[in-house]
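Take a look at the structures listed below.
Okay, so subunit A shows up in both of these, paired with subunit B first and subunit C after.
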Partner chain A sequence: MKPIIQAQELSCFYGIVLGLNNVSFEVPAGITGLVGPNGAGKSTLIKLITGQLAPSSGTLRVFGESPRNNPKLLGHLGYCPEREQLPKDLRPVDWLRALASVSGTPWGETKVLATKALDRARLGQEHWKKRIGTYSKGMKQRVKLAQAIMHDPKLVVLDEPMNGLDPMGRSEFGEILKELHQGGTSVLVSSHILHELEFLCSGFVMLNWGRVLASGSQIDIRKTVVEWSDEISIRCSQPSELAAHLQAQGLLRGFLADGQDLTIWVNEPENFLAQWPTLFAGCDCQIFEVRNKNQALSSIFERMTR
Partner chain B sequence: MKHAWNAQYRRWEGKSVGVWQRRLSIARYGLRLCLSGKIIKIFLVLAFAQTFLLGGVFFLFGQLVAPESALLTWLEGLGGQEIIKIISALTSWALLYPEICVDGIYRVMYYLLTFSGPFLSMIIVALFVHRLIANDLASNAIVIYNSKALTRWDYLIGKFIVVSTILSVVWILPVITSWVLSNFLSPDWSFFYHSFPSLLRGLTVGLVAVFSLSCLALLVSSFARKTGAAVAYWILGWISLGIVASVASVAHPALDYISPIQAIYAFSGGVFKMLDLVTDAQNMLPFFGGFFNRVSAGNEPSDLPISNGEVFLPLLSLSLYCIISIVVVSRRVRSS
Partner chain C sequence: MSHLTSNKARLGAIKGVLFMRIQELTTPAALSRNAIVAVASFLLLMLLRLDVDNAASRYQGLVAGLFVLKFLPIFCLTKGGETLRSELKEGTIEYLWVRPASKVELYLGFMLSGFLGTFSIVGSALVGISLAGLALGALGGGAFLSLWLTVVVVVASFTAISGAISSFSSKFVVLGIFYYSFVELGLGAIPNGVQRLAVSFHAKTLLNGLTSGDGNLELNSFAWILATGLIGIVLGAAIFSQSRYVVGSEKEA
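Moving on, here comes the complex of A and B:
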């Protein structure tokens, strides 16, 4: 599949301060996570992708075009910035209508678009008549997301959209992004909290100190794991029964069952992971996920930055 | 009509509007924001009320020179033969020298209008300058605008339309409306023809004032990172430039144009050429000549505190302000 974003030897400096340093990567269509600690260069990369910064060197192509000074391309992008950038005195529908109109929608159609976008962003209708200044952080995030998806872009770029959201809000936000993806919109979402994105994104770009540590699909990134932890997490329907089944085979050094989660400690993790379907045979239990601790993206990222 | 959304996915499939429509959207949104206060509306009504003042003066003048007007009959009833003689003389002069009498009255009134313009502009702009660009910079909404399908120039054109539309109510609307109104109520269709040069002069001054003051308002608004600061910058800039100009003009009169308002006054004088008007009136109209000699103790028109003003230097000063404003503002609102 043709990548939607291509960076080649891309660098960006703020005077003498490093933003991005000679990075090359490709982002395919789908939901892609842009992860890295604070100061890794995530926001710089997002600003480059949305045409707000010019690269100091190298090239960046979004849908095959340079995004800088390219209003035609920007018309196909939606951007949800990290900081609150909302007019306090306006009601969300009024603001969205103005932005939709600025994005090229005929005025008569803007109301439909604005209300649908607020619906899609799951902002309850009972809040539409209030001024944005009176909104909570989560509600403001939804308005920001609504303005980004309202004109139905091909790519939505979200800079730390889940900051300040409660767990329910994060889960809903994830659902919205999945819906967008199902509708044919690609999503690039940044976060410094990896586990937030682990179940949402098909691919990742991992950044640190302005450099790309890894990029590609989750499977590809996980393949880079060479050291296995003796700790393995399993999600299954009957953790206690599975633990007993494995214990009977003399494979466990210890285990911890909690709800549907089972954490086990084994002697030879590499062999265990290679043979687990055989080892689990005979236990009447539904397996949802088997994962070595080192396969968690946060662990992979930690090792890469060590 | 093509459907806006399809059933499977709510995808916009309509045709996009052109770039000018988008700029006008910024202007419409900006106007709504800028005109949201009550006080600004009061001042705009005051500014527009000048139309009726001008229209009233033009209408009265038209009635004075119209034979058999109701106003004349009423005045005759009040003052008898003296008034009839003066009015007959006025009518004759207006018919003989319409380029002085008709054009003259429009010219004087439009010239006087340029004195109220700066004061009203200062107050009105102070009431909305913080909502122009300062608001977007303070809230960082500029980032969202920059991510839309617009260039910074589109954004600036939209904002320029906001300021210039509001300032037109002060400078241009009274000129056009009073001209149209008074000419439709005039006794003679030739008033259209004879007052047209004054209309052009009024529009020239109005357009220059609106353009330059709009650029300056955008400049001040883009300087302020906090919305309250924009208002303070506007008022302080207005006062301080006025003081600096009046002090500097002692060294050289041209330095008076450091103040944009002094430059507009001088440009207005240069366009309306009031001294020429008085000289022509004195030479051509015996009544005016006698009257002038009485009030000025036989002085020459050039001894009066009126002048023909200047066009080039004030225009140069205003142009420089506009260029500086455009360069600075475009840098302030660019992406990064």
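Moving on, here comes the complex of A and C:
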């Protein structure tokens, strides 16, 4: 499949300050995570993709076109900036109508677009009459998302959209992004909190100090850089019973059960993870989650930056 | 399919930015502030009734000399560029310039909304001033028209100049005061044609109608004032469309 974003030896400097340094990568359609610590270059890359900055050198193509000074392409992008500031005296529908008008939507059509977008971002109608300045952080994030998806873009770029959201809010936000993807919109979402994106994204671009450490699917990245850990965490309904079941098969070197969490140490972790549904069969226990310690995105990132 | 690929509305960016400004200017707080300005202006000028014999001449002197020629230039030169600069400082401009709109159109939107913002206060004051003038018998029909037209073009022109300054510097307030000191007070005091570069010089000419009571709609003066504003708009739009700004800070382009 043709990538939606292609960067070739892309660099961006702010005077003598490094933003991005000679990075090359491709982003396919789908939900892609842009991960890295603060100052890694995520926002710089996002500004390049949305045409706000020009590359210092190299090339960047979004849907095969350069995004800088390209209004036609910008019409297919939605962008949600990291900063929280929103026009506090405006009501969300009015703000979205104005932005739709700026995008060139005929005025008569703006209200329908605005209300539809707020619905899709799951901002309750009871809040629409209030001014944005009175909103909570979670509500503001929904308004920000609504303005980004209002015009049915082909790609939505979200810069740290889950900052400050509680776990419930993050989960709901993830659901919205999945819905967008199912509707045919690609999503590029940045975060410095890696586990936020782990279960959401099909691919990743990992950045640190202005360089791309790795890009591709989590499995691809893991294959190239990470050794398997023998420590596996399982969340299930009956940890003790499951541990006994696995031990009876001679698979364990040790285990630790705590509430619904079971940590096991296995002899052959790669085989175990490949076959775990079969190995668990016969135990009357509900499995919620199985994780290898080194599978975690944060663990991969930690190893890569070591 | 994106909604933006067909039937792109003309001047949508200007409409959008103006709509936002109108919403901000019609909040209960903003309307109350304007009402207070109007009432305060009216009551202050009504104090002139304490000296009934000289009320009309004092009124004309205050309105022309103080309000139009001193207050308006300073107020507009320090407030006109506020819309653009606050968008840049707060970062809300990011929502605008990632959209398929030309930067020139966005700039014109900022300028018009800057004019609206400035005129919402100046206009409120002018309502109070005009009512006081009518009550004091110091403002006839011709003078009334002359005053309003002069104020509108002066505000438009100074707002455009302030906008041009704000397009290249976040210190537009300080530079606006410099502009007032050097161009309006400095050049405006030099005879033999140089004073024509100052908006205040032409405003003064137009306000002669205030004292004569029959208005003085001198087209030449209007043209000079509007041309100055137009130069400000063209200059500002050119700078804005070619500059790279640091959003969310006081840093310069």
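The criterion applied here is as follows: the second predicted complex is superposed on the first by the 262 of 306 C-alpha atoms of A that agree within 3 Å, B and C clash if a C-alpha of one lies under 4 Å from a C-alpha of the other, contacts with A are read in each partner's own complex, and residues count from 1 in each chain.
Just so it is clear, a residue touches a chain if its C-beta (ideal position, glycine included) is under 8 Å from a C-beta of that chain, and two chains touch if they have at least 3 such contacts.
As the structure is a prediction and not an experimental result, all values here were calculated from the model.
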Return fit or clash for subunit B versus subunit C, each positioned on subunit A through the superposition. clash
Where does A:G104 make contact in the superposed view: on subunit B (first), on subunit C (second), on both, or on neither? both
Touch check for A:T115: first (subunit B), second (subunit C), both, or neither? neither
Just subunit B (first), just subunit C (second), both, or neither: which does A:G51 touch? both
So, does A:P71 touch the first partner subunit B, the second partner subunit C, both, or neither? both
Counting only touches as set out at the top, which of subunit B and subunit C does A:S186 meet: first, second, both, neither? neither
Name the contact category of A:S43: first (subunit B only), second (subunit C only), both, or neither. neither
Considering only touches as defined above, state whether A:Q141 meets subunit B (first), subunit C (second), both or neither. neither
Only subunit B stretch among 58-66, 112-120 or 184-192 with CA clashes against subunit C is 112-120
Subunit B and subunit C footprints on subunit A meet at residues 50-54, 71-72, 74-75, 77, 79, 81, 83, 85-87, 89-90, 98-99, 101-107, 109, 113, 147, 151-152
What part of subunit C is in contact with subunit A in the complex they form? 1-5, 7-9, 12-13, 15-17, 19-20, 23-24, 27, 30, 90-92, 94-102, 106, 109, 244, 247-248
Using the touch definition from the top, list the residues of subunit A that touch subunit C in their complex. 50-54, 71-72, 74-77, 79, 81, 83, 85-87, 89-91, 94-95, 97-107, 109, 113, 131, 147, 150-154
Residue ranges of subunit A touching subunit B (in the complex, touch as defined): 47, 50-54, 69, 71-72, 74-75, 77-79, 81, 83-90, 98-99, 101-107, 109, 112-113, 116, 120, 147, 151-152, 183-184
For the complex, give me every residue of subunit B touching subunit A. 4-5, 9-12, 14-17, 19, 21-22, 25-26, 28-29, 33, 36, 135, 139-141, 143-151, 154, 335-336
